[in-house]
Structures are given as structure tokens and as C-alpha cells.
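Inspection log for the structure reproduced underneath, given as C-alpha cells.
Each chain carries a letter (A, B, C and D) given by its place in the written order, and its residues are counted from 1.
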Amino acid sequence: MHIGLIGLGKMGGNMRERMRRAGITVVGFDRDASLCDVTSLGALVEALPAPRVVWVMVPSGDPTHETIAQLRGLMDAGDVVVDGGNSRWTDDKRHADELAERGIGFVDCGVSGGVWGLQEGYALMVGGSADHIELVQPAFDALRPSPESGFVRAGGVGAGHFAKMVHNGIEYGMMQSYAEGYELLEKADLVENVPEVFDSWREGTVIRSWLLDLFAAALADDPDLARLRGYADDSGEGRWTLEAAIEHAVPMNAIAASLFARFASRQDDSPAMKAIAAMRNQFGGHAVHTQ
Amino acid sequence: MHIGLIGLGKMGGNMRERMRRAGITVVGFDRDASLCDVTSLGALVEALPAPRVVWVMVPSGDPTHETIAQLRGLMDAGDVVVDGGNSRWTDDKRHADELAERGIGFVDCGVSGGVWGLQEGYALMVGGSADHIELVQPAFDALRPSPESGFVRAGGVGAGHFAKMVHNGIEYGMMQSYAEGYELLEKADLVENVPEVFDSWREGTVIRSWLLDLFAAALADDPDLARLRGYADDSGEGRWTLEAAIEHAVPMNAIAASLFARFASRQDDSPAMKAIAAMRNQFGGHAVHTQ
Amino acid sequence: MHIGLIGLGKMGGNMRERMRRAGITVVGFDRDASLCDVTSLGALVEALPAPRVVWVMVPSGDPTHETIAQLRGLMDAGDVVVDGGNSRWTDDKRHADELAERGIGFVDCGVSGGVWGLQEGYALMVGGSADHIELVQPAFDALRPSPESGFVRAGGVGAGHFAKMVHNGIEYGMMQSYAEGYELLEKADLVENVPEVFDSWREGTVIRSWLLDLFAAALADDPDLARLRGYADDSGEGRWTLEAAIEHAVPMNAIAASLFARFASRQDDSPAMKAIAAMRNQFGGHAVHTQ
Amino acid sequence: MHIGLIGLGKMGGNMRERMRRAGITVVGFDRDASLCDVTSLGALVEALPAPRVVWVMVPSGDPTHETIAQLRGLMDAGDVVVDGGNSRWTDDKRHADELAERGIGFVDCGVSGGVWGLQEGYALMVGGSADHIELVQPAFDALRPSPESGFVRAGGVGAGHFAKMVHNGIEYGMMQSYAEGYELLEKADLVENVPEVFDSWREGTVIRSWLLDLFAAALADDPDLARLRGYADDSGEGRWTLEAAIEHAVPMNAIAASLFARFASRQDDSPAMKAIAAMRNQFGGHAVHTQ
């Protein structure tokens, strides 16, 4: 199989390598010329035999919109574009429609795996029509952890990114659960060696998981997490999960709380809590902390 | 009516004044001798005609336990002790039983009103037997806002403090609701004059309230709340409300969130969010903020 | 002043009456011909002297879009359209732009007051340019509770609906706070007369409010709320508040919990809790409840 | 090694078997005579060589209190009692003190593993002094999954149960995260085969875990969870986790939400939401659902 791959960053670079190891001919392009196999998108498309498969692995939003718009002008009917980035599922329909006008197929693919994917494989959640997916299948098979695992056709266009988005929402909730438990163990002062406790949970418990393995490794390296600040970004997919929950009237208290905790972690001072302090001051003459 | 009043701080001092204005003879005692009408608890008890009523208005926990233990040794059968402080409702049964051994009655009374009570009156939530409450009624009538309002016999011993505790739990949730709305208005940048919006809500809206009046006053005084830090203590009753909810299996998401927001407001750095940062660092090579 | 009013339902009908009492000439139109003063939108516009003011008071979304599109074809440069419905603030910019193309002004106005507005007046949160608002001011003054209260120019186009939306988000949180407190009082069995407790809170407490007055009235009428089901719709504005919080990274735990509680109240059975039951069954052999 | 084991139910029975397979002589006792190796606690104690180790595996609360009180009368100085049940950590200090008066040691041990423990081993979180633990170590080594995993001395008396309690709190949060994600996938109608998506997540994803394996198995067996009701009990440890968080001022929004979701799942009708419906009815004339 031949495939074009646009975006050779942390994720894309490793995916190129994993596909090559599986015998796929990958033609890579990136804004950073030093990473490229070709000098332009046009050259990339020309380097591929028809029907072509081009995998887009660039940031969601404008970079993905623009890349797909360019490919629309370069590719031919019968070709397929895969969006493997973290696009919002609502973008997929638009991209599919734009490409379909020129007979080009579209597949959305949510990819999980992070920096471990090169070695362990990537979990792939795919949306699109069966015939478009079929063209890409050798690439999916190269990327997934094993022939029996880590791949699902979740549904039609958009279903892949939607499934990946929900995956990330669940991830937020799981991480927050470990984090809240960690804070309680730290604060309660009854447990003498918190890192050892987390390490001991890695086998035989109900809460064993890959995330727990990672967290235990982090604690082994920095037992008090003294080198970190309690600051967490959010990547967009947590927000979209909550927006989808609102749309579908799904009570999502735990995942919402996990997202809000990240928001709060990035505030130097909380306007809401200033408001609380102001009210307490008014009605109770409570001591307040002033600037 | 004669009444003994122990604890002449911010609340007790104003309550003495309001009772005196209503023609009640109040004998006050406080740790601070400069506030006292008598020099000892013994002198206070002796200054009252039987059957005596002594109102305890000291901090909950040990100060209240110790004061009631002393009164138990000084008072006589037929007298009544009122605990008007912020005791946990579970303390009331114990105090009532201790006093009952010597024939002394006990009434628990949750008091709301803060620094505005002298002028506007206090809302009183009372627990105990009808005959004990009857002895105290003239004091309750002096303290309440009007003969028709601000007083309820909530039930037997403990019911007064329980009702007051729930009142405070509701207060946490209402304050948090205004606070979250405030933060959104501040952040969204669409509303040009947030203090004016809050002020306009004071009449004709569904959310008008006394708390809103106070908050509007605070914003009129300090439009950006620039003089305050987003730091809020909690007084114990919010925690007890949540503990009671746990005991009775009541889903209490909004009030719990309000309490947790106060906890978080007092953290310089969040151990939980350090844990999130550690996990993100492990699986994604995400940029993290280090100390 | 003359004003056209489109939508004469529960809200619009009362607003027409309140404006007429204040001496304003109101020309009303509704889909229900029996409520109308004129037979068509065209007739309504013709009945007004220039510069015309037409107040749209129809459901948000398509009914408002369509009404404004029609007015765009009927009105003239210098006229002003007011959207007094519950439109999403993001619709306002679009409507303003569409009307501006023909020189017609636009003002968005969030209206609070419900069925009590005729008697007590309406709180108005207004967005738009000062000169457009000036044309409508006599109507605003007729509707607001008093010359000093219940009106604010929150900012430019959209700010009125945004402020009203946040008002409703706060309302969700306040209602949920009372509701959680109510459930705890009911379940704990310590408080003997829950309706009396709520009634006693109406004066002198920190949590007194108009909503509390309403709730006390409801409890006076139906002390166990035995005639109601625990089912609550949501009107859209709670969802939009949460969406705006997500957009602006505002931690909004209490209001989110209030919205989710409504979602959950409408479920006969919870898919999420079926999932919990399924997991518990797998790992612990816990007894589960089957259909 | 010889050990006495009291409580031979679902957990205890399997633990006896696993210890026996490791060559430990286990003397078992249960209320159910058909499961017993001896006819009384006295006979159990007599059957063990000194210094004796007796493992208590009965329900927390009174059954554990009473069993330990009986053992206190039967055992000798130098013996050790292990509480392997789900006791609240605050009970441990009391039990340790009672036993210490007679020179008997105490070790608390939180046990995770459920019905899978016989085969996969149990994760053990242990609290107590090093010399008491040393006496029990062969039993711990027999029960744990492997010589390198599933065992930790968390700290002094109480630390074992505290760590296990936090484990369970985390478990609540993780389960709720999967459950909320499941409900969103089900409701959104974009993903065509939800069970396959969960199954695909078992390898290569950030959220892979043992709980996910179990949930995927449950979905394989009953793809719509049609045979279950959305009803979930809670075992006590979730509540205790939240109580400990309150005590230590730990913001615990996600785990609290998970506990509250279980509370709500057991309500036929929600008093809180009846209160919401009552308020909505009062202020807006909103349609409400009546009984």
C-alpha cells in the first residue's frame, strides 16, 4: 500500500514509522521541510498511485480545513482523504460534503495512543462508508496494536471522531478520579507512603489501568510531585463532550466536574470566589482576605 | 421576662440590645469582662428569678460543651438552657440528656441574621419540647423580625439546629449560583457594566433576594471586586449539611459543589491537579507547568 | 408612544396590557387571530407612525428568525425592531446585521417577570446602540417595575439576551439549592413541619428571596408536594449558560449540576446507571436489579 | 503457617481456598455451620499454635465489633487479629486499643479483588505495626497476585482500610466516567455499535483498564443492557471517602457526583425535583407533570 501523510509531528512522525515497519510506502509532508519526503502537497499527491489515500494529521480547526480544501483541488474522484486529527465531529460532515462534490471519499479516524503508540500501536475509531474505509484498511491494520484489537468502525462520517471525543471525556473523568483520591491520601496523613500505595494498586485491584501505571511511574519519579504545578490544559475534546451531553440531555456530572477542575487550575484568582467573599463580607462581617 | 445571655460577641451583643429594647431584663456574661453585666456564671444564674432561662451564644464544640456543663452544675430543675450558637444538631441530644438528668430543660435555636439582626430581627429555628420553648417565647418574640415572621418550632431537640444547618447549606448554593453567574458575565466581555446588571436584577426578576441586594451593594462599592481575594472560609454548617445528605442518601450536587469551591479557593496549589499534570505528562508528552 | 407587538401569549398579552395602562398605543398581532388588533404584519407596520418600533415576542429560533425576516421586508430605515423573546445571544448579531442592511435598528431585550409581570413589572436587560434604545425607552419605562428599577443597558447587541441567559442560569442554581435543602429536611425526619420551616425563612434569614416566597406558597398549598411529579423541563437558557461557561473556561459546577438534575428528572431509567449496574455485576457479583 | 479465618462467604471462602493452595493451614469458621472447619470461635482459637493469627472477614460494623470483642476474650498476648473486612478506618483504632489492653496485636487489611481474587489474587492494603504485620506476612503473600505485586504496608493502624476506602472512591469515579460516556454514545445515535466501540477501546487507548474489560464483557453479553435496571447500591466506602474529603477540605467533585448518581438511581421520584417543579409552576405557570 501507498499512503500520503500530512503532519509529521509527535503523533504523525511515529505513525509514519509504524506504517513503514509494516511495509507500507509512506510519503510524508509537513510544514517543517526537514521532516518531509516531498516538497509540496502537489508532489505528495503525484507520488501516490490511484486510487490515492491521504491521511491528514494536523491540528483541528483551520489547519485541517485548509489542508482538506487544498487536497480537494489536487485529488481525483475515487481517492480518499482520512482526517486522523482531533477534529470536532461536526466538522466531518462538512469535509465529507466538500470532498464528495469532486467524488473524493472521506473517512474520519480518532486516534488514541500518544507517545506510546509507535511501540504499542494506536487505537483507531473510524467513521465513514465501508468502501472508503476498505481502501484505508491496510494502514489501519498497520497502526492498530494487533489484528484483533484497537480498531472499530463506529459508524458513518463523524462517528469516529465522536467516539474518540467520548473516549477523551471518559479519560478526563478517570484522571480526575485518581487525582481526587491522590489528594485525599496526601492530605489525610494516615497513609505514610502514597506512591507505594498507588504502585500496589497496579495488580489485583478493581481500579488497575494503564493510566494508573503511568501515574505510579510519575510518582516513582517524583514522589511528592514537587516538580509540577497543579495546572492542566484541556484539549477541546473534553469541552465538546460536555457540549454533546448538553445537546442530548445527558447528565454528565463527573466528566463536567473534571473539565471544570482544569478550568479552575488555570486561574490565579477566582472571580466567582471573590464574589463569595464579597457576599460573606456584607452579611456576616466575616473576615475576608484582601489583596 | 429575665434572661441570662452568655456570649456577647458580634451576635450576642446585638441580641442583648434587641431584647432590652423589647423590655426584657438581660443579664449578660462574656469572657471579655468589659462586656459583662456580672462577674461569673454563678452570679449570672443567681441574678435570675426561677424558673430561669439562660441563652448560650458561644462557639460550637468545646466552648458550648463546657458552658453547658457548668450551667448543669449551677441551675435547678425547671430551668431551661437555650443553645443559640451554631452547634451541630448531633450535639443537642447529648446536651439535652445531660441537663435532663438534673431536671433542666434544653432548647436548641438556630439563629440567622448576621450583623443586620439588631435592626431587622433574627430568624429563629427552634427545637425542643413545647413547655421548654414556652418559657423562652418572650425572648424569641423580641428577637424575631415581627410577631408573624421569623420563628418556627421545627420539631424536638436538635430540629432547630438541623433546620439552621440546612438553611446554611442552601445559602452556600445560592451564593455559588450568583458567583458563577458573576464570573461568566465578567469573562464573556459582552456585558459592559456587570455591577449595573446585578443592580437591575434587584426588582422584577425571578432571582431577586436579600443576598442579591448585598452583592449589588458590594459591587457598587468595589465594581471589580479588586480589593478582595477569591478566598472563602466555611463555617462548618456546609460540611454538616453534606454529611447529613450522605447519611440520608440525598443527591446534593449543587450544594456539594459550593462547598468544594470554597475548599479549592483556599489552596495555593492543588495536589489533585498536580496529579492530572503528572498523568498528562506521562501519556502525551504534554507541556506541563513546572515549579 | 406607538408600538407594534408581535406575540400575544402569556407574556406578550400581559405586556400589551401593562403598556396600555401606561398610555402607550399598542398594536398587537398574533397567530391567533382572536388576540389581534390587526390582521397582518403588514397592517401592523402600516398602523405605526415612523420611526416605528416593533417588539417581537415569539418563541426563539425559527419563529423569531422568520418574524424578523418578514419585518425586514416591511419596515423602513430608521425603524427599530426589539427582540424581547428568549433568543440565544448569538442570534442577535445575525438579526442586527440583517436589519442593518436595510437601515433598520435592532435591540435585544431579555425580559424577566413571568406571570407576575403585569402587576409587579418586568425586569429588562437590554442590548444595542444608545440611539436605538432611546426610541424604545418609553416602552421600557412602562414595563419596568418602577422608574428606578428593573432596567439596564447591559451593552451592545446581544448583551441583553446574554445577561438574561445568565440570570436564568443563576435561577437554576438557586432553585436547585432550595430543592436539595428541601429533600434533606424531608428525608431526615428530624424536622416535623417542613412547610412551616420554609415559611419561617421568608424574613430575617440570609436566604430570603422571591423564589423562597413562591416555594413557601407552593408548600402551603400542597404540604407534601403530593400532587407533583419530580419532573422538570429546561428552557434552553440553562444549556446556553453552560455552553458559554465552556467557551470562556468558567468553572460552573453548581449551575451545571442544576441543569443535569433536570435532565435526570426526565429519565425513566438511566443508561449510565445501567452501565454502573453492569460493571458491579461483573466484578463483584453484586445483586443487581433486573427488569 | 496456621491461620484462623472467620467469615467464609463469597470473599472469605475463596480466600481460604487460595491460602490452602499456597500450603497454609486454614481453620475456618462461619455462622453457617456447613462451611465451618470448627464448631466455635473457641475451638478455632484452640486449633491454632501460638502466636496465633486470626483473620476476621465479616461485615463491617456490629458483626466485626462483636467478633473482635469475642476474640479479645479468647486470644492471648502475642497473638494478632487481622480485620480484612470493609471496616471504616475509624473503627480500627478502637479495635487496636481494645486488643492492645490484653497484649493482642491488630492489623487492618483492605482487600480488593472480588469474585476474581481466587484466580488472580487479591490486592492488599495493610495498616499496623511492622512486627504484627510480619506474623501475617505468609498469608498476605499467599493472597496477593504475585510476590512483587498487590501488597502495601500503607502505614500504621487504620491506614490499610483508609487506602482501601480511597481505592473504592476512585472506583466510583472511574465507573461513573465510563457510564456517562456510555450514555452519551447511546443517546447521540451517531455511533452505530456502542458495544464494539467499548470493545475496541480495550487495547491501545488511554482509558484501557480492567473495569473496561468487564464492561465490554457485559456489553457483549447484553448489548443494550436491556436486562438491567439503572439502579446501583453503594457499599459505604464511597460515603466514607466523601466524609474524609469533607474532613480534610479536599474538593472531590467527580467522586461526589458518582456517589450522588447512585443515590438518585434508587429514587422512584425525586423530592428535590418535585420542589423544582413546584417553583416553576408558581413563577412561570409552566406546565408541570402531576401524579
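By definition in this document, a contact is a pair of C-beta atoms (placed from the backbone, for glycine too) under 8 Å apart; a residue touches a chain by one contact, two chains touch by 3 or more.
This is a predicted model, so every value here is computed, not measured.
Each step here moves to a touching chain, and the least such steps from chain B to chain C number 1.
For chain pairs A-C and A-B, the one joined by more C-beta pairs in contact is A-B.
Averaging C-alpha coordinates per chain and comparing to chain D, the farthest chain turns out to be C. Measuring from the averaged C-alpha position of chain A to that of chain B gives a distance of 47 Å.
Each chain gets a centre from the mean of its Cα atoms; for chain A and chain D, those two points are 33 Å apart. Averaged C-alpha coordinates put the centre of chain A at 37 Å from the centre of chain C. Residue positions of chain C touching 2 or more other chains, listed in rising order: 114, 176, 178, 180, 183, 187, 206, 211, 249-253, 257, 260-261, 264, 267, 270, 272, 283. Those residues of chain D that touch chain A in the complex are listed here as 89, 112-114, 117, 120-125, 127, 144-146, 149-156, 158-159, 162-163, 166-174, 176-178, 180-181, 183-185, 187-188, 190-193, 196-197, 199-212, 241, 244-245, 248-255, 257-258, 260-261. Chain C makes touch with chain D in their complex at residues 10, 114-116, 175-176, 178-180, 182-183, 186-187, 211, 214-215, 217-219, 222, 225-233, 253, 257, 261-262, 264-265, 267, 269-291. Those residues of chain B lying in contact with chain D across their complex are 206, 239, 242-243, 246, 249-253, 256-257, 259-261, 263-264, 266-267, 270, 272, 283.
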